[in-house]
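So that we are looking at the same thing, I have put the structure below in structure tokens.
Each chain gets a letter, A, B, C and D, in the order it is written, and its residues are counted from 1.
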Amino acid sequence: MTLSTLNVAVVGLGRLGQRHAENLAQRVPGANLVAVCSPVEKELEWARNTLGVQQCYADYAALLARPEVQAVFLVTPTSLHAQQIIAALKAGKHVFCEKPLSLNLEDCLLVEQEAARHPHLKVMIGFVRRFDASYRDAARKIREGLIGKPYLIRSQTMDQNDPDGFFVRFSASSGGIFLDCSVHDVDLARWLLGNPKPRRVFATGTNAIHAALDEFKDVDNGIATLEFSDGSMATFMASRTMAHGHETLTETFGTQGRLTVGAGANLNRVEIADRHGIRHECTPDFFSRFADAFLLEAREFVDAALGRGELSLSLNDATEATRIGLAMTQAMRERRVVDFD
Amino acid sequence: MTLSTLNVAVVGLGRLGQRHAENLAQRVPGANLVAVCSPVEKELEWARNTLGVQQCYADYAALLARPEVQAVFLVTPTSLHAQQIIAALKAGKHVFCEKPLSLNLEDCLLVEQEAARHPHLKVMIGFVRRFDASYRDAARKIREGLIGKPYLIRSQTMDQNDPDGFFVRFSASSGGIFLDCSVHDVDLARWLLGNPKPRRVFATGTNAIHAALDEFKDVDNGIATLEFSDGSMATFMASRTMAHGHETLTETFGTQGRLTVGAGANLNRVEIADRHGIRHECTPDFFSRFADAFLLEAREFVDAALGRGELSLSLNDATEATRIGLAMTQAMRERRVVDFD
Amino acid sequence: MTLSTLNVAVVGLGRLGQRHAENLAQRVPGANLVAVCSPVEKELEWARNTLGVQQCYADYAALLARPEVQAVFLVTPTSLHAQQIIAALKAGKHVFCEKPLSLNLEDCLLVEQEAARHPHLKVMIGFVRRFDASYRDAARKIREGLIGKPYLIRSQTMDQNDPDGFFVRFSASSGGIFLDCSVHDVDLARWLLGNPKPRRVFATGTNAIHAALDEFKDVDNGIATLEFSDGSMATFMASRTMAHGHETLTETFGTQGRLTVGAGANLNRVEIADRHGIRHECTPDFFSRFADAFLLEAREFVDAALGRGELSLSLNDATEATRIGLAMTQAMRERRVVDFD
Amino acid sequence: MTLSTLNVAVVGLGRLGQRHAENLAQRVPGANLVAVCSPVEKELEWARNTLGVQQCYADYAALLARPEVQAVFLVTPTSLHAQQIIAALKAGKHVFCEKPLSLNLEDCLLVEQEAARHPHLKVMIGFVRRFDASYRDAARKIREGLIGKPYLIRSQTMDQNDPDGFFVRFSASSGGIFLDCSVHDVDLARWLLGNPKPRRVFATGTNAIHAALDEFKDVDNGIATLEFSDGSMATFMASRTMAHGHETLTETFGTQGRLTVGAGANLNRVEIADRHGIRHECTPDFFSRFADAFLLEAREFVDAALGRGELSLSLNDATEATRIGLAMTQAMRERRVVDFD
């Protein structure tokens, strides 16, 4: 018996791109990492030496021209996502692309249209938290009715403070804290509440440490409240300034109970009792928090491309997350309530 | 040596009034519970039989006429607070009054004015959480700089669902969820952030279970976000529909750390490991959560009235809590952002 | 109506004696602290000035001679317990005495005999943990069958390290770590398992920090395992060398679940998230851990003496705790299994 | 560039054997699963169909005869371990073997002798917990001095009750609870304390649910206390009768702090708040608890066999664990203290 395999290329080999490449090379049954693409020669070398990848491209078009490449993993700047997805679809490749789909709603819709022309190709935007074992367990419990009818999500993404403030320089291209961080929480809220329509959003924020964000109309701590048209609600917090680590936490309130995912942000199962009291260390970043989820996400994509399963989220989910993220950003900048007509 | 004592009367003998009466009769050094007042004969009997109180009044004015009564504890409907406080001050009594001071800003200011005419009399509004050992510890740690500069409060008051919906009928006189519940969180936020001025507030809410609240323009789950003029913020949640118990939780985010008070709402130190997993039971109501704080609150008041200490909160704190609570309520009802002057 | 009261005297005014005196003076309904006794003039002064106690004795016999004293609280060195209890009973007083009853089994039995001659007098040994709300809740849950049939207790008493090693000098008179600390755990084990008969015990220990204990054949960390004749078991740990605080923890294993009391040793409800991770502070000593229990214990005793309730533990319980504690100590010193007849 | 690979065969395809086979086939860089061996045809079919393994043997000798097989993973009954390891070494294969090495000390020593004759071959006994991220973190922290000098280990292995009592029938061949379960804890204690020599051990136990174990002189709940010759100690608990799940917990007490691994046995990061209180679900079995560790263990073995790293534990570690496990078993059966020579 021969098991079927999918020839995959990873495009973009920054920290997260390398993570995807390693997973595809070593831990995703059926995936065959045949090529990589990066403008940085050193990154290509890494792939060659560490993972034994033979085909290394600096040029995306050259990669797409290779017929044996069946799927691409786009781990590139957000501003490139839409055009790169469309090009890959036109070249007949399945596409996995990191979130967010785009900072621009029109581009999201263009991608949706292109994808609709290639129904046999799989397109997946990497809302990685949906693949985390704990979020999956929570979603299943909600579906099974454990907490009655869910009516409120409270979700937060808190990053450990980076004294160098890398994200400040990155603010313009990331779209700001709501599109960069909260877009995950927005996606979770839609998923866990059953995809209600957004109605109105209010947002605000402050710069507690990184005043340089003012210039980008961005904040290092943001709060948003979202009303859905079915009466359910969501409230979001995002922060760049935590001292203890990266903490992603989502609460789903239902009429018969509440599910919380991520409280404590425990790094592992070690507890320390010493003169500081009793404590645990926390996940320093989303890499350590979602390591397993990145793997499961890649597996679902590969399985779907190989016809062994379905994708559990759609391109439109990504469009909706961008739509809401944009409205949150506008509400925060204009200090007002924004309606979704 | 004879220790000085304060002759106290409790006015209003509902569940919370009885709690105060017991504390004053048995556990507050220097307090001498000499009289009670209630329109309910059965409650007076309880005080006579259980606590040995000799003077039992149905009429508040008659109580105030007794010269030996030096202080009153008002545990009466909010609508009576302002006039009862003013009457007591005019009669020369120290006054402890349950929160909120009033649902009406003008009345708050009238009370402040009357109190200013009696500088020798102590007036205290019962923001009981300030007397909880954990909140006190958090406030002290913040003052000492443990978490750097505090810039954001997240505070929530979640009540266990009462299937009978007592609070529905009570909605009109309580002022709604924000004035009834969140007023505590508002007071905490001001306290922990160092009394910044409120600038703008947004609020919304939904009725997850108790649709009958619609008629009172009230909600069983409310969310509010408050901006202060110094750039700090607070976000509040209040709920009437928790399955697990009463959970009061306050997080203070600072530039170097975060303090959380009340996570888990543990009833006690017992942990159960059985087929449900590992769990603890939760405080069913604010009585069980704040039992000790009610006692410490009474002690501070009695000590202050006896000249043995100062009050740690002012009448104006109560006025400000009402001011913000009213704005939150208006924001929720009119579905908009409300600016403070 | 006049409520009945009990005239009480506190004998021994060290730290714990002062705690009892304050409770009896201010927080125990029906108790009337009329006298104190201490060889230390400064301690008598404290009682006079702080609590307003009028009768202050240096001589225990003089105190017992006062007819208005109806009950004594003995908070004295263990070596004095037996004779002081017997003298008080002969003088017609109710007796509360701190644990352990005695380091000597014969004295325990003599006290039991004397008490049997005064059935109208209450005698209570202060196994304070039985009065802790969490232990009470656990005991009730076990009685109600929540965890099926209990078959194993794991109980530990861990003290925060005292760099001065006060307990080293105290070792000879305290009877060593098992009689000083574990006697509480032994009492809990008997209580929670339904008073089974002890069969065999093994114990050992080590000096991790305080090597000076060697000279007293004592250890700063001890472990003991006790078999009961009904097949149930208990295992104990005691330590003088914790860095994080005082931690009393008891697990009861039953055929359908486990109850744990005291995990985490939380000082309060504050959680700190900072560069150390997420942590809570711990109770520094048994005073802070069992403050409320000392009060409830005194209330039960006073109520029983006033005929308003029954004692929930017997003198024989104290005798049995000493019997087992002595066997543990012998097992540790002789490095062997000790059989109970 | 070609990365080097190791041709591996898995022997024994029960539940744990299948887990190893999947890891080797899909997730261990450098491993090439070329063959399997099992007396059960259905299990061979599983390997053929699910993992695409071509060489499937019922006969171990036939497998060893294949020159391309470079390493074997023995996931077979303990009674076969010693002879199978020796045969594999004689056939020139690297060997990974599940714990315990043997129930028989002589066999352990024979294996050590044979291994010494093949210094170029790697032999590893699967003490999987050493590869768990949390245990590794704890070991590192101890090595770095975070808790001062470690002097006491408390370690427990608690299995969820299997109402069918599979382990009862298995008791004779497993060697009983101490050799089957506690051998892991013994290995951890030696590792975390720096390999001290055992001096004396006491053990006891009871059958709380599975009385049928009496016939095998086995218990469903066991306790053991081990003294080391350097004054350090370890105390162990093992249980077959937990209601809440599989709980492996290890505490290391040091002169400046304590590290706990595994408290809470959390299944994942989901917390449920409902009418039962606040709870989390627990790992049902060691598979779910140590899934990642099984993978890291296989990676270390494969890397070592490929010359890319060293093994972090030795054959003698396994011999010592058996030696101590046997003494614990004897102590429990003969109800006495057992001395090590």
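One rule holds for everything that comes next: a contact is a pair of C-beta atoms (placed from the backbone, for glycine too) under 8 Å apart; a residue touches a chain by one contact, two chains touch by 3 or more.
None of these values were measured; they are calculated from a predicted model.
Comparing the chain pairs B-D and A-B, the larger number of C-beta pairs in contact belongs to A-B.
Averaging Cα atoms per chain gives one point for each, and the point farthest from that of subunit B is the centre of D.
The distance from the centre of subunit B to the centre of subunit C, each centre being the mean of the chain's C-alpha atoms, comes to 37 Å. If each chain is reduced to the centroid of its CA atoms, subunit B and subunit D end up 56 Å from each other.
A separation of 42 Å divides the Cα centre of subunit A from that of subunit B.
Residue positions 147, 242-244, 256-258, 263-264, 267, 272-275 of subunit A each touch two or more of the other chains. Residues of subunit B that touch subunit A in their complex: 147, 149, 151-152, 154, 200, 202, 204-209, 221, 223, 225, 227, 231-233, 235, 237, 239, 241-244, 253, 255-258, 263, 335-337. Within the complex, the subunit A residues that touch subunit D are 1-3, 25-27, 29, 48-49, 52, 132-134, 137-138, 141, 146-147, 256-264, 266-275.
Subunit C makes touch with subunit A in their complex at residues 242-245, 247, 264-265, 267, 272-282.
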